[in-house]
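Chain naming follows the written order as A, B, C and D, and within any one chain the residues start at number 1.
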Amino acid sequence: MLPIGKNAKQGKRGILERLDAGEIVIGDGGFVFALEKRGYVKAGPWTPEATVEHPEAVRQLHREFLRAGSNVLQTFTFYASEDKLENRGNYVAEKISVSKTVLERQNKLINFKRVLHTSGEIKLTDSMFTQCQTVNEAACDIAREVANQGDALVAGGVSQTPSYLSCKDKTEVKAVFQKQLEVFVKKNVDFLIAEYFEHVEEAVWAVEVLKESGKPVAATMCIGPEGDMHGVSPGQCAVQLVKAGASIVGVNCHFDPEISIETVRLMKEGLQAAKLKAHLMCQPLAFHTPDCGKQGFIDLPEFPFGLEPRIATRWDIQKYARKAYDLGIRFIGGCCGFEPYHIRAIAEELAPERGFLPEASEKHGSWGDNLSMHTKPWVRARARKEYWENLKPASGRPYCPCMSKPDGWGVTKGAKELMQQKEATTEQQLKDLFHKKKF
Amino acid sequence: MLPIGKNAKQGKRGILERLDAGEIVIGDGGFVFALEKRGYVKAGPWTPEATVEHPEAVRQLHREFLRAGSNVLQTFTFYASEDKLENRGNYVAEKISVSKTVLERQNKLINFKRVLHTSGEIKLTDSMFTQCQTVNEAACDIAREVANQGDALVAGGVSQTPSYLSCKDKTEVKAVFQKQLEVFVKKNVDFLIAEYFEHVEEAVWAVEVLKESGKPVAATMCIGPEGDMHGVSPGQCAVQLVKAGASIVGVNCHFDPEISIETVRLMKEGLQAAKLKAHLMCQPLAFHTPDCGKQGFIDLPEFPFGLEPRIATRWDIQKYARKAYDLGIRFIGGCCGFEPYHIRAIAEELAPERGFLPEASEKHGSWGDNLSMHTKPWVRARARKEYWENLKPASGRPYCPCMSKPDGWGVTKGAKELMQQKEATTEQQLKDLFHKKKF
Amino acid sequence: MLPIGKNAKQGKRGILERLDAGEIVIGDGGFVFALEKRGYVKAGPWTPEATVEHPEAVRQLHREFLRAGSNVLQTFTFYASEDKLENRGNYVAEKISVSKTVLERQNKLINFKRVLHTSGEIKLTDSMFTQCQTVNEAACDIAREVANQGDALVAGGVSQTPSYLSCKDKTEVKAVFQKQLEVFVKKNVDFLIAEYFEHVEEAVWAVEVLKESGKPVAATMCIGPEGDMHGVSPGQCAVQLVKAGASIVGVNCHFDPEISIETVRLMKEGLQAAKLKAHLMCQPLAFHTPDCGKQGFIDLPEFPFGLEPRIATRWDIQKYARKAYDLGIRFIGGCCGFEPYHIRAIAEELAPERGFLPEASEKHGSWGDNLSMHTKPWVRARARKEYWENLKPASGRPYCPCMSKPDGWGVTKGAKELMQQKEATTEQQLKDLFHKKKF
Amino acid sequence: MLPIGKNAKQGKRGILERLDAGEIVIGDGGFVFALEKRGYVKAGPWTPEATVEHPEAVRQLHREFLRAGSNVLQTFTFYASEDKLENRGNYVAEKISVSKTVLERQNKLINFKRVLHTSGEIKLTDSMFTQCQTVNEAACDIAREVANQGDALVAGGVSQTPSYLSCKDKTEVKAVFQKQLEVFVKKNVDFLIAEYFEHVEEAVWAVEVLKESGKPVAATMCIGPEGDMHGVSPGQCAVQLVKAGASIVGVNCHFDPEISIETVRLMKEGLQAAKLKAHLMCQPLAFHTPDCGKQGFIDLPEFPFGLEPRIATRWDIQKYARKAYDLGIRFIGGCCGFEPYHIRAIAEELAPERGFLPEASEKHGSWGDNLSMHTKPWVRARARKEYWENLKPASGRPYCPCMSKPDGWGVTKGAKELMQQKEATTEQQLKDLFHKKKF
């Protein structure tokens, strides 16, 4: 058995040093989905104010991913752009970006007291915090604290903005990224990731902004083999991102491991055809999505509250890790649905190549071999690779189908229905939508 | 909208006070499965040494259940009996049995195991704690710490023992429970639960032991409508448990909510027929198990590493909560597979009856209504009850079946293959089992 | 390889002679479903006027069952009772009721309906045949013609009547059976079957009528393990039928082979408990119906035009034949969904016991072994028993579920909605029904 | 309601006259599969000697398709080429191609007596019949006899040969087609179809041979969107077939309706790009095959004895007919799996365009409306289009998956394993194949 990996707490090598040396870098899993289930993120807006409201929950999830084998801890700044934090009635601003004086006066802000209570390290001054700064800075601090306990780097992340969907111009959209970047620079993250972009045009703008920091930039799009929402192919997306300055390109979210690897394969071919070089990265869903259309799992009728039957097993993820490795992808992680044990599955599958197991393998035998300790003999008989490798797990849901027809409204950037608004969606707007959607 | 429930941190009413008053008591979810996925419990032995090794992880999970609405925090002492901690090569003893003095010097339990692991110089003295005491005491302390932050009681729990399966006699088996009870009394838990018993005979012994403490005792069996492993019907099981002294009876684990409710219904009928009174309790799996045999999900080929497609959605759990309530069950919780959001679903479904929502509903709209904040219009169109209530979620796994044939070895207490051993299962023993099992 | 069975065209032994001697008697398959798909029977009324309108089609189907191994050819008189032929707008009378004289002049029944249809000049006289006589007599003639070509007996059959459902009294209902029996006696069928009864009370009346002929009587009910529509258990049903005079009892239609065998098992137990003796008979559906309620496949949403995915394979039927035989059933056939190849599967499975194969096995290798002649090597590799025995056939329908919720209106004899009428269902009646049924 | 179509028994218009006038021509269904289930064709060799052995069965099936609406009756000459009739131990020759004298001497030829017995119309002469002539001539006679009873044309058909697979040269392969053509010319069929070709090269040779007759030629390949076994695209296949002389092109067999229509769409595009004109034809399977690879349903593990769960409903076929029509296909029929009621579904769906219903609609209400005559009210409530149109029929098989992984041996013309042989496959050859196939 391979040794449990020891921590390199000091003198860590940078992301490009590692990848250039051919090392495998293991990403982390999906924060918004995991913390939604733990009770700290609201599905719909999906914003990360938990970094301020419940830092202990965010910290624990980082800790679990580190223990599972992650070499990269992404700051929990997904959708933490200013325009998203106050989109469609998500007035995070009102809760968080207030002066100390205001806070003290406003006893009635129930949640905020907890902020004060649990995160004593945040110092409030008389000058106003912006919500955006507060949330992003807290995210950086927590990620760094945990990263210091092991061999992991901190990556600051930006993602697509409501501003772009609402047709704001390049300058305005870039200003949104710029605000987050200022925090990342101040907090000195190790590198940057522009992730979860449906339009390569916006991703390129993000890379251009991040690149100014001088830090390495990775860029991933949430697309499948059909390409971005404007019809740009994965190969062309990769080429544009590398030309804009990304050292690492790939995909994240929206599709399952199999489809995502196929998309990265197309990116790799595009780069080769253009004689460009970049490291490849893959952070797919841990949900099976064979029935997705162009826009991925958002369109599935089960999104986001009925996806359970699609959750990947650890064995599905081991197969994914192997395929990703075989294609030449070296930055291998996950996105929505990836729990700590899925990340551990990557680390266990690639343990022979890496030479060590993650800490969390202390509690997990390779391919189920700890079942030899089970009380029941027929469960002990499952303590072997060929059993789990070949299992076709039943759903226990004989009244449910295997695949769904995704909603396909065919609208993207520029469509009236995608214009974002600060106010909550009105009853009338909802009624119109219900009517439009044939149930 | 109902208010978020306020915490009753002091002067809490006891479990029987609440139930006698007709109140709904919400249990917590499944620790071993949740912590296995987070990296702190080993599937196979399923023992809870994480209370000593990684208290922060256990504490965080308690916190999440409290926030989700739990009124009962069970000490994480499942399978923490002495005989289980050293069964089949699970030498928890070697890792944890250290002298009190050493522990006092260390002055903190955090990462205790890692300390032990890395600093070989720690000498074990004669004044040994037993592993059992250490693990159980830590569990009590953590549960109490979190319970103090809200309106929850601490319940100390014992469960079935390898000793019983291996045909040890009544005195020996009772001695095992006695050891755990001593800790619970010392730590002054609020009440006791004897749970996860396949044989009512052993459950009765457990109740008899626990009853001596003078604290209220709840007892749940992990059986379905077919009854216990010796063929005693659910109704008869309930009668025997109440006669032994249990004030609350019901089922936990092994079967899905629907089957478990049916089992409790049979218990209720048995009690009525015997003119006995007791409160009813239900803590089922959050896995769909329509295809289980008498012994429940252990026998399913997917147990324990391929159960993902069976995971219940939050809507499944809301339906469960309603049905349980309608049957007259007032202690409603969950077991393996229940994550914090499943417990929240119980609390949200029964919020009209209780008059308030759990804290975690701050991040969750009733029946998906926060989706009205989503960026995409077709997802906003899902912000309504009838959408989620009627959804038949697809598995995304067209190559997998809906139901499985459970392993049915038909062995129980007394069978040679169920004799437990301290040593790890040998290669030869495993080979014999593989051979016996037609793959 | 066993020899193809030779025909015993003369001196055939009667049904009881065979069964008393312990021989296996193979029944035939389902006429109404097979002929509906061939274009000669109308789903809804399901009446057998094809015996007059298209005798060549009926004759060919008899021929195929004989060739497949049937020892019993049932007259195609299902639902040929007078009250059914003119129920709810099914005016078979108008098409077929012609004078005996006319028929005698025509001297052939072939294409009789078309003759009527095209030559308006045929005048109907006062000396009318009833539709009922015409249809039933033609059925007897065709069955006898084909039975003469092999070792098969002709069985005249009656089934449940609209009169009973509409609460007509015993005398009236018995009169309906009496009319059909007169034809069977005149045409001298070999024995009689009272089949497809949902209420044992009506079945007993039918047996009493048939018994008067002095011919052996078999009686099968279309019930499952829950018993008849009035709640009489299968065991009690069997007892009543035997007491009324049936020599052979069992079930037909409504449920799949597995459930039907279970029901016959309960009948067998009932007879044993009552110390009664009778031969057992089973003629189930060739559709998988694990999701049926008490009333069987009629209630399934797929009935009758969407049952295709449930059709049994030949291998399913071989397993059925074996199980039926092992339970002691010796009259083994099929009902709706059973095509000739399903009957052949029974004859092939039980060929070792019977000592010969059916004629149609000339075109079929045991367990697929003729695939050794296939052009493609990977299909040749399927020429073996263990391949087909273990195959779990895929549906090719990933958007469909595996099980359905049956309609459960819970109405039976006596309910207003079950009162039958001569007139077609009106638009308003249909609208009321659509409204009642939640789609 | 539309009238039942009257027969045009005389002065029928030719296939091209009809198609040129924009009329819909309805093909027939699948003979080998239907007759296999009725007991007259052996799966494996799939040869049509039933035309001689059991002409009444072949005649009846033709009659059913005519009644269901077919305008084309294909001679049952599938795989009736000389080389196929004696491939791999299928010694049809021995049974059928013998001189009258020989026949008279050879009393022991059991089957042959039946030939003599049932088909009195075949005159045996002193000169030797070849098996091929006998089978093909009988097929023509039967088809013509039935076609004369309605508005249908007779089409003589040839299909791919073992000779081609075994790498015989162009002259040899063409000679095989030539032999069958001689019969078709002698019997004066109305037009010719070259169907079921996996390689366009062989199909072109067939068209070239058939074209010499001066009769119209249709050509269909059994391919999907990926093209022929040598990688020629559907568009290119269509172009080559039209250039070789085919007036009608399309696909038949191997794939389900949806995939087949997609393939014809590609053919249509190919022809448009090449500025060629031809009528389009589609005769798909009546099995759902979403999981097929390049070579179609032959590779599915369920082929040929476990396909039942994939059988299309009549509603699936109505949707197919509409889609085919909308794409501009005017020769619309079916292949394996198509029973008479499937053909009727085409004729009913397109009845508004054609102005009349097929004869068999006398026994079938549009979209289930005859269910208004059903005894049970909840079945009467199904008498409407939206019910059946939206039904997702359950399989009743919860232990089976929805999709299968096809065998993909990746061998085609020229591969050693595809070399055909006259002798039966030996035990050793089978063993090698079993070994090769991972079960």
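Quick note on the criterion: a residue touches a chain if its C-beta (ideal position, glycine included) is under 8 Å from a C-beta of that chain, and two chains touch if they have at least 3 such contacts.
The model shown is predicted, which means the values in this text are computed figures rather than measured ones.
Least step count on the touch graph, chain A to chain C: 1. Counted by C-beta pairs in contact, the busier of B-C and A-B is A-B. Separating the centre of chain B from that of chain C, both taken as means of CA atoms, is a distance of 52 Å.
Averaging C-alpha coordinates per chain places the centre of chain A 31 Å away from that of chain B. Shown for chain B are the residues that touch two or more other chains, namely 291, 392, 398-404. Under the stated contact rule, the graph of chain-to-chain touches is complete, every pair of chains being in contact.
The touching residues of chain C, when paired with chain A in their complex, are 291, 398-405. Interface residues of chain D facing chain A in the complex, by the touch rule stated above, are 392, 398, 401-403. In the complex of the two chains, the chain B residues touching chain A come out as 4, 36-45, 56-57, 60, 63-64, 67-68, 87-90, 162, 165, 256, 287-291, 298-315, 339-341, 344, 359-360, 362-365, 368, 370-384, 386-388, 390-404, 407, 409, 411, 417-418, 420, 424-425, 429-430, 433-434, 436-437, 439.
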